[in-house]
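Common to both upcoming complexes is subunit A, partnered first by subunit B, then by subunit C.
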Partner chain A sequence: MTFTQKLLKLDRRWIYLMVAICIIVPVIVTFRVPIQVTPETKGVYDKIESLPKDSTILLSLDYDPSSMPELYPMTLAILDHIFTLNRDKGRGLKVVAVTLWPTGPGLGVSAFAAMEDKFGTNLVKRGRDYAFLGYIPGGYAVVIGLGQDLKRISPTDYWGTPTSQEPIFEHLNSIRDVAYMVELAAGATVETWITYGSKPYGFPMGAGVTAVSAAGYYPYYNSKQITGLMGGLKGAAEYEKLANVQGNAVPGMRAQALLHFVLVIVVIVVNVLFIVERSKGGK
Partner chain B sequence: MPLNEVLGIWCGVGLTLFIFTFLYKDNPFYRFAEHLYVGVSAAYWMDILYWNSIKPKVVDAIVPPLGLERHLIAIIPAILGFFVILRLMPSLTWLSRITFAFLIGAGSGIGIPQVISAIFLPQLSATLNPINKEGFKLAEPAHSAWAGIWGWLGAPSPAQIILLAGVFSVVFFFFFSVEHKGVVGNISVVGIYFIMISFGAQFGYTVMARISLLIGRMQYLMQVGNSRQVFYASTILFVLVIVFMILYEVMAARRPTTPEPGESA
Partner chain C sequence: MTFWKKKFPIALAFICGVVMFFRFFSPSHLADQTLTEFSDWDIIISAVASFLGIFSLLHNHYTKLRRKVPGWGYSIVVYVGFTVMALAGFLFKVDTKANLYKDGLVGVFMRMTLHGSPPPTEGVTTIVNPFNWIFMNFMVSLGATMFALLAFYIASAAFRAFRAKTREATVLLIAALLVMVGRVPLWDFLNTAFSPVSSWIMNNPNMAAQRGIIFGIVLSQIALSLRIIFGIERTYMGGGD
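Then we have the complex of A and B:
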C-alpha cells in the first residue's frame, strides 16, 4: 500500500482528534480574529439604536438548549445592548419576552438573571423594565392572540404575576403596541411571526437564526420583511462586536476560524490525493 | 455555588463526555447517556405540556379554581383532542378524522390568505424588483463603482439580474410539463447550477452550525466544568472516562466471542 493510499484510508478518528485539538487550542491560547460586521447584523443593531424613547421591544426566544451555543449569545448581546442604552443614554427601552417552544423558558429566565446580575435590579427590574411571559402553547394561534389581547392570552407572566398588575403592560395591550420585535429562532418560527405577527399587526422585526437555516432567510431580508438577520455564531459575534459586549461568540469564532482553515486544507489535500491516485489507475 | 448547581454541572460534564466516547466506538457509557436523554426528554415534555397546556387550558377552564371564570367551551377542543388518542383503538380510529378535518380546515382557512399576503406576494414583488430602480438600490452598496455606473445608466444591478436569472432558471428546472430539450433544457441546466450553489452555501452554513455546537460544549467543559468552584469536574471526569474506556476495551478483548446463529464455533 502506497503512502497516498494509506492517507486516503486514514482512520476517521484521527480527523476527530484533529477537530478536538482545533477547538480546544483557541480556548486555551487567545489570539485575535478579525470580525467583519455585515449589513444584515447591523440592520438589527441600527434599528434598536434608532428606537424612540420608552419603546417596547418584543423578544421571542424560540429555541432550546440544543441551539444554545448559537442563539443564547445573541440573546445576551441584544439584552445587554438594550440595557446599556437605558443606563448610558436614559432611553427607557422595555423588553417583553415570550417563547413558543416548551423547552425555551429556562434559557429566558437565565438570560434575564444574567442581566440583573450585570446591571443590578435598579436598572433591570422585573415587571417594570422587562417581562417574561414564558412558554405559551399554540404556535401561530398565540401570535394571532397576542395581537388581539395580550393580557387575555397571557394572564400571568412566567413567575405567576398577573400581567394586568405589571407597570410594563400599562400601555401595552397587544403586540401592535411594540416598536420592534427580534425573533431568535432555531426552527421555522420566523415565518410564523412574519405571517401572523409583523405583517397583520404592522410592527417591524429582525431575526437571529441558527446557521443551518440562515441561508433560507435571506429572501426575507432582501424583501425588507425583516430589518436585519443574524446567522449562527458569526451573527452573534458580529452583534457582540457592535454592542461592545464580552460574550462567548467572539471567543468561539477563534475556534471557528482555525477549524474552518484546517478543514479547507484537509478537503483540498484529500481531493488532490484522490486525483493523484485515480490518475495512477487506482480505485 | 449551591450544591445542587455543582451536582448539575457534574452531571452535565459527565454526560457530555459519555456522549463524546461514541466518537471512539459504541460503548455502554454512550448508551447509558443516550437512554437517559430519551427518558428525561419524554418526561420533561410531558410535564411542560401538562402544566402549560392541559392544566390551564382544559382542567382549569372546565373545573376552575376559586376566583376564576368557568369556560365550558373548552369541552369541545378537549373532546377533539381525546379523539386523537382513540387512534390507539382500531375500532374507534375513525373518530380522529373529525379532529384532523377540523385542524386542516381551520389551519387552511387561517393560513392560506395570510401566507399569500405576507409571504407569497412580498417575495414575488421583491424578485421582480430588479426591473425598477428600487431593486437597484436594494442590491448595491451606495458608494460602489457599479452603483454609480449602472445607476447612471438606469439599469438594474448585476446582483439583481443574477437573482432574477436564478429564480427563472430554477423554476424552469421544476417545470416538468415540457420535455427538457433545446432552449428549455439549457435553461434547466443553468437552474441546476444555481441549485448546486445554493446547496453549497447551505452546506457551508451547516458545517459552521455543527462546529458552533461543538464549540459550545467545549466552552462548557473547559470554562464552566473546569472551574475551582465545581472542583475541576471536567478534568476528574475526563480521566475517569478514559480509565473506564481502557478497562472496557480490556474486558471486551478477553470476552469470548459468541458465534452468530448458523455459524460453527
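Then we have the complex of A and C:
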C-alpha cells in the first residue's frame, strides 16, 4: 500500500485528534476572527432597531441543552440588545417569551436571570419588562391559542404569577398585539410559527436556527416570510458584533473557524490525492 | 366493537378534518370560536399524551429490568433520574434566588418550597433551586456533550465521504467548499472574495432545491390529510384489527 493510499484510508482516530486539537488550541491561544455580518442576520437586528417605542417582542425559545451552544448565545445577544436599547435610548421595549419544548424552560429562566444580573432589576423587571410563560404543550395548537387569547392559554407565567395581574399583559391580549417575533429553533418550529402565528395573526418574525438547518430556511427568508435568519454560532457572533455585545459566540467562533478552515484544507488535499490515485489506476 | 374501533375514529377524523378545512375560508365569529375550541382540545390531548409517553417510557424500562436484558443498568439510571427530577419539580417552587446569609439553610428551603420567589437584593447569595440546578448542571452538560460529539463524526464523515467520485459528487463538493470558504471567518480577504459566491449559492441553487423539497412535503401532507379525512389511511389507528 502506497503512502497516498494509506493517507486516503487514514484511521478515524487521527481525524478525531485533529478535531480535538483544533478545538482546544483556540481556547488556550486567542486570536481575532473577522466576523462579517450577513444581510440575513442584519435583518433581525434592523427590525428590532426600528420597532416603535413600547413595542412588545415575542421570543420563542424552542431548543434544548443539546443545541444550547448555538442558540443560547443568540438568545442572550437579542435580549442584551433589547435591554440596552431600553437603557440607552429609553425605548421601553418589552419581551414575552415562551417555549414549545419541554426542555426549554430552564434555559429561558437562565437567560432572563443573566439579564437581571447585568442590567439590574430596575431595568429588567419581571412582569413589567419581561414575562416568561414557560413550556406550554401542544405545538401548533399553542400558537393558534396564543393568537386567540393569550391569558386563557397561559393563565400564569413560569413562576406562577397570573398573567392577568402582570403589567406587561395589560395591553397584550394575544400575540396579534406583538410588534415582532424572534423564533429560536432547533427543530421544525419555524414553519409552525410562520404558518399558524406570523401569517394568520399578522406580525413580522425573524428566526435563529442551528447551522445544520439554516440552509432549509432560505425560501422563507427570500420570500420575506421572515425578516432575517441567524444560522448557528456564526449567526450569534454576527448579532453580537452588530449589537456590540460581549458574549460567548465570538470567542466560540475561534474554535469553529479554525476547525472549518482545517477541514476545508483536508478535504481539498484528500481530493487531490484521490484524483491522482484514480488517474494512476487508469479509472 | 367495530363501531368504536373503526367507524367512530374514521367519522371523528372526517368531521374534524372537514370542519377545520371550511373554517379556514370563513371570516365569521363562529369559525374563530371553532378554532379556539379545537386548539384547546389539541392542547389537552397533547398534555394527556405526555402522560402516556411517561408511562410508556417507564414500562419499557421496567420490562428491561425484569428481563435483565443487556444494558439493564441504564434503566436504573432512567428511574433514578426520573424520580429525582419529578421530586425536585414537585417539592420546590421554581425560584432562583434567596439570601443564604440572611435566611439560613432552613429559611432558603422554606422560601423555595412555600413562599415563592424572594426579590433579589444587593449582595444576594444565589441559591439555585434544586430542579434548575440539576437541569443546568446535568442536562445542559450532557446535552452539550452529545451535540459536541457531532463535530468529530462530521469531520470523520467529511474526510471519508466528501470525495469527487462522480460528477454529481464533484459539483456538491465544489459548492460546499465555496460556501465554507466564504463563511469561515479566518481571513478577511478570503471572506471578502468568496462571501458573494457563498451567498449566491445559498440564495439561488440552495433555495431552489429547498423550495422544491418544501413543495414536495406539503403536497404529500395534503394527500395524506385527504386520505385520513376520507378514511383511506387508517394506520394512525394502530395495528391489529
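In the analysis below, the second predicted complex is superposed on the first by the 281 of 283 C-alpha atoms of A that agree within 3 Å, B and C clash if a C-alpha of one lies under 4 Å from a C-alpha of the other, contacts with A are read in each partner's own complex, and residues count from 1 in each chain.
Heads up, the rule we're going with is that contacts are C-beta pairs under 8 Å (C-beta built on N, C-alpha and C of every residue); 3 or more make two chains touch, one makes a residue touch a chain.
Treat the numbers as computed from the prediction; the structure is a model and nothing was measured.
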| item | value |
| --- | --- |
| Contacts of A:34 with subunit B and subunit C, given as first, second, both or neither | second |
| Partner chain(s) touched by A:257 [first = subunit B, second = subunit C, both, neither] | second |
| Partner chain(s) touched by A:50 [first = subunit B, second = subunit C, both, neither] | neither |
| Touched partner set for A:234, first subunit B, second subunit C, both or neither | both |
| Which of subunit B and subunit C A:173 touches, first, second, both or neither | neither |
| First (subunit B), second (subunit C), both or neither touched by A:194 | first |
| Contacts of A:113 with subunit B and subunit C, given as first, second, both or neither | second |
| Subunit A residues touched by each partner, larger count belonging to subunit B or subunit C | C |
| First (subunit B), second (subunit C), both or neither touched by A:270 | second |
| Which superposed partner A:103 touches (first subunit B, second subunit C, both, neither) | both |
| Subunit B/subunit C common contact set on subunit A | 16, 19, 23, 66, 68-69, 102-103, 136-137, 140, 144, 215-216, 219, 222, 234, 259-260, 263 |
| Subunit A - residues contacting subunit B, complex | 13, 16, 19, 23-24, 27-28, 66, 68-70, 102-103, 134-137, 140, 144, 191, 194-196, 198-200, 210-212, 214-216, 219, 222-225, 231-234, 248, 251-252, 255-256, 259-260, 263 |
| List of subunit C residues in touch with subunit A within their complex | 32, 35-36, 38-40, 42-43, 46-47, 50, 93-97, 116-117, 119-120, 132, 135-136, 139-144, 146-148, 151-152, 155-156, 158-160, 162-164, 173, 177, 180-181, 183-188, 191-192, 195, 199, 202-203, 206-207, 210-211, 213-214 |
| Sites on subunit A touched by subunit C in the complex | 10, 12, 15-16, 18-20, 23, 33-36, 38-39, 64-69, 102-103, 106-107, 109-110, 113, 116, 121, 136-142, 144-145, 148-149, 153, 158-160, 215-219, 222, 234, 237, 253, 257-261, 263-264, 266-268, 270-271, 274-275 |
| Complex interface listing, subunit B residues touching subunit A | 23-24, 44-45, 48-49, 52-53, 57, 110-111, 114-115, 117-119, 122-123, 125-126, 138, 163, 198, 201-202, 205-209, 211-219, 222-223 |
